[in-house]
Amino acid sequence: MMLTLSVPFSSAHLYHQPQWSDEKNRQVFGRCFTKHGHGHNYVLETKFYVTSASCLDDETRYRKILNQLVAVLDHEHLNFVIPEFKEKIPTTENIALYFLEKLKSEVPLEVLHSVKLYETETLWTEILL
Amino acid sequence: MMLTLSVPFSSAHLYHQPQWSDEKNRQVFGRCFTKHGHGHNYVLETKFYVTSASCLDDETRYRKILNQLVAVLDHEHLNFVIPEFKEKIPTTENIALYFLEKLKSEVPLEVLHSVKLYETETLWTEILL
Amino acid sequence: MMLTLSVPFSSAHLYHQPQWSDEKNRQVFGRCFTKHGHGHNYVLETKFYVTSASCLDDETRYRKILNQLVAVLDHEHLNFVIPEFKEKIPTTENIALYFLEKLKSEVPLEVLHSVKLYETETLWTEILL
Amino acid sequence: MMLTLSVPFSSAHLYHQPQWSDEKNRQVFGRCFTKHGHGHNYVLETKFYVTSASCLDDETRYRKILNQLVAVLDHEHLNFVIPEFKEKIPTTENIALYFLEKLKSEVPLEVLHSVKLYETETLWTEILL
Amino acid sequence: MMLTLSVPFSSAHLYHQPQWSDEKNRQVFGRCFTKHGHGHNYVLETKFYVTSASCLDDETRYRKILNQLVAVLDHEHLNFVIPEFKEKIPTTENIALYFLEKLKSEVPLEVLHSVKLYETETLWTEILL
Amino acid sequence: MMLTLSVPFSSAHLYHQPQWSDEKNRQVFGRCFTKHGHGHNYVLETKFYVTSASCLDDETRYRKILNQLVAVLDHEHLNFVIPEFKEKIPTTENIALYFLEKLKSEVPLEVLHSVKLYETETLWTEILL
């Protein structure tokens, strides 16, 4: 049985390669490079394999883990506040990998079906496990 | 006949009363006060009265107007970049009023049914006209 | 208690005032006037007041009535096939009124809350009773 | 600003007037009267007036209250387990009133816009305050 | 071409291994084991391969079959009323297999793409054929 | 990263093999064969592989291409007006192939993930690339 948990969070980010000039950053990243950034209502959608016997307990446990992971990024500016994104650009792919890394130390990999990060409803990245 | 146009945009904002101390700002605005801000996929949902005869032309014209209004805020940090929000806090209400003000000079008030601004899917403000 | 029943149907239509020249029709109706017409997946959404005691029977009965009404228009070209729309233009308002007229002879008016006809997801007309 | 909180719960219920014969119950309640009952994924949708300053804290607080109210009914058979529904039939209206009664002792009435209970996506009752 | 038919039904169920003690049942099944059970708005979502020529007739025929299958479980308590679930626990997987078994005698296997059973919007099981 | 663009258009069509008799057409195509046709709100849903660096520019460019492709069919009767469908029946599959053919000359095939054409919400064809 598959359990889908969707957890939203609202953060700011910007695309910026620090070793490049402003001009090169603007040329490569377009509107995604600005001084102060912009933001999104991200949604982290994680799918778990569960069994009928334990699905309610699993849901409670997984939701608690996801809420804690997401609370760290929620209402923050990813580039300026989150250590992992001081060097690495907080692209949708990198944020998805960030969550996968954190999840690995909380749940066994074999219960994870996929980690999908929506930047908007129509723009997302998905890691199938 | 009613025409509903929904236009998304992604911006950063923060709640900050400049004449207050950081402490007072934190006390009043909680997680919405931070130094760099956070962000949302806002949705501007506007409802227009249209007639059968002209509904296609109206849709084209209204959509163009809304896209232009929204493009100014899209991918910007509202507090730091948009003149109207340098003094006034970019709350959901204030952003909705900002759009209503701009719309008034583009379309006659009597074709407007409502201006609704979603900060998230579950948090919104609506001005019925 | 409110029961909402949504019934889709797929028809073709065109906007055409027969006593006008092609030129005048094109000028007034724009892209909605063409020789052969275009089409929509319409949705007839009707809301009924129901009581807890009878809501299942009511749903079965009302759905049957709506299915029969809609079957007459489904997969037809409204202008060329449906008698009521040979003289009257099948605008969204006129199609909604057509359904209200038919419904009146099938259910008592006081159980009807509203008749709403969607031409598309963003273009509709609603008759509140 | 309006905050909408939707909280699901899964319960069983049946329609049964204890002082009536089985025959009369069946005649009045139809398929909703059975010996063991059936069930629904109910959704309690509550709308609150909030201000920009406190909307995040309000959301956390209201969600906690709603989760606690809903946990009492979740995964239970309403007729056999919940004291309030031993005498009173757990109709959609009565369940909505049950939640309104409980909410009144937790939040001031003036912050409540409405309490809406969905039995299914198309069948609901709403109390506007 | 793919045709998706979604048919809802509302039933009660409980998880209970009759040869176990109440204590063991509670330990294994948690909140899903109770004396009277709870319930869901299940949705049976079936996908069929169809051709352009016959898709309307196929839809009518398949919908009729699905409605009949679902009517047997609708508004019943699966454990106490449906013979197949007197011995076998009505888990989401077992209910999906129940429908697949019934469908096999009504439609050729090669027109079936998948049978998916939603217990809630976020908890489902899918059989790909 | 995946970008999903959904573009609606409203057209009329009918199923008709010109070398067959009306009787044979009616027998094979059922309600989809009529003299004047019926219509749909089609949705062309195209998925593109994009990179973080260029996703905003890509979205603008791809949306413009799709809007131009769709404008040709929008508000027209496909059988009577579009040259490609004078000989070939405008089935959902053929319309999807029509768009794929047009897209191939506008974007490199390797950025395309899939082209999906919805005739209704429940009836669609998908070409995975």
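Order as written gives the chain letters A, B, C, D, E and F; numbering starts at 1 within each chain.
Simple rule for what comes next: a residue touches a chain if its C-beta (ideal position, glycine included) is under 8 Å from a C-beta of that chain, and two chains touch if they have at least 3 such contacts.
Nothing here was measured: the structure is a model prediction, and the numbers come from that model.
Asker: Return the chains shared as contacts by subunit E and subunit F, ordered by label.
Answerer: Common contact partners of subunit E and subunit F, which must touch each of the two, are A.
Asker: In the chain contact graph, what is the shortest path length, in steps, from subunit A to subunit D?
Answerer: Contact-graph shortest path, subunit A to subunit D, evaluates to 2.
Asker: Based on mean C-alpha positions, I'd like to know which chain lies farthest from subunit E.
Answerer: B
Asker: So which has more C-beta pairs touching, C-F or B-C?
Answerer: When the contacts at B-C and C-F are counted, C-F has more.
Asker: For copies subunit A and subunit E, work out whether under half or over half of the interface numbers are shared, and give different or same accordingly.
Answerer: Looking at both copies, the contact residues mostly diverge.
Asker: Which chain has its C-alpha centroid farthest away from the centroid of subunit F?
Answerer: D
Asker: Taking each chain's centre as its mean C-alpha position, how far apart are subunit B and subunit D in Å?
Answerer: The mean C-alpha positions of subunit B and subunit D differ by 34 Å.
Asker: If you average the CA atoms of subunit B and of subunit E, how many Å lie between those two points?
Answerer: Going by mean C-alpha positions, subunit B sits 44 Å from subunit E.
Asker: Using mean C-alpha positions as chain centres, tell me how far subunit D is from subunit E in Å, no decimals.
Answerer: 26
Asker: In subunit B, what residues contact two or more other chains?
Answerer: 31-32, 56, 75, in rising order.
Asker: Which of line, ring, star, complete or other matches the graph of chains that touch?
Answerer: The chain contacts form none of line, ring, star or complete graph.
Asker: Following the definition at the start, I'd like every touching pair of chains, please.
Answerer: By the stated definition, chains touch in these pairs: A-B, A-E, A-F, B-C, B-D, C-D, C-F, D-E, E-F.
Asker: Which bits of subunit A are touching subunit E when the two form their complex?
Answerer: 1-6, 50, 52-57, 59
Asker: Where on subunit A does subunit F make contact in their complex?
Answerer: 15, 28-32, 89, 91-93, 122-126
Asker: Which residues of subunit D touch subunit E in the complex?
Answerer: 8, 10-13, 31-32, 34-41, 74-77, 79-81, 120-121
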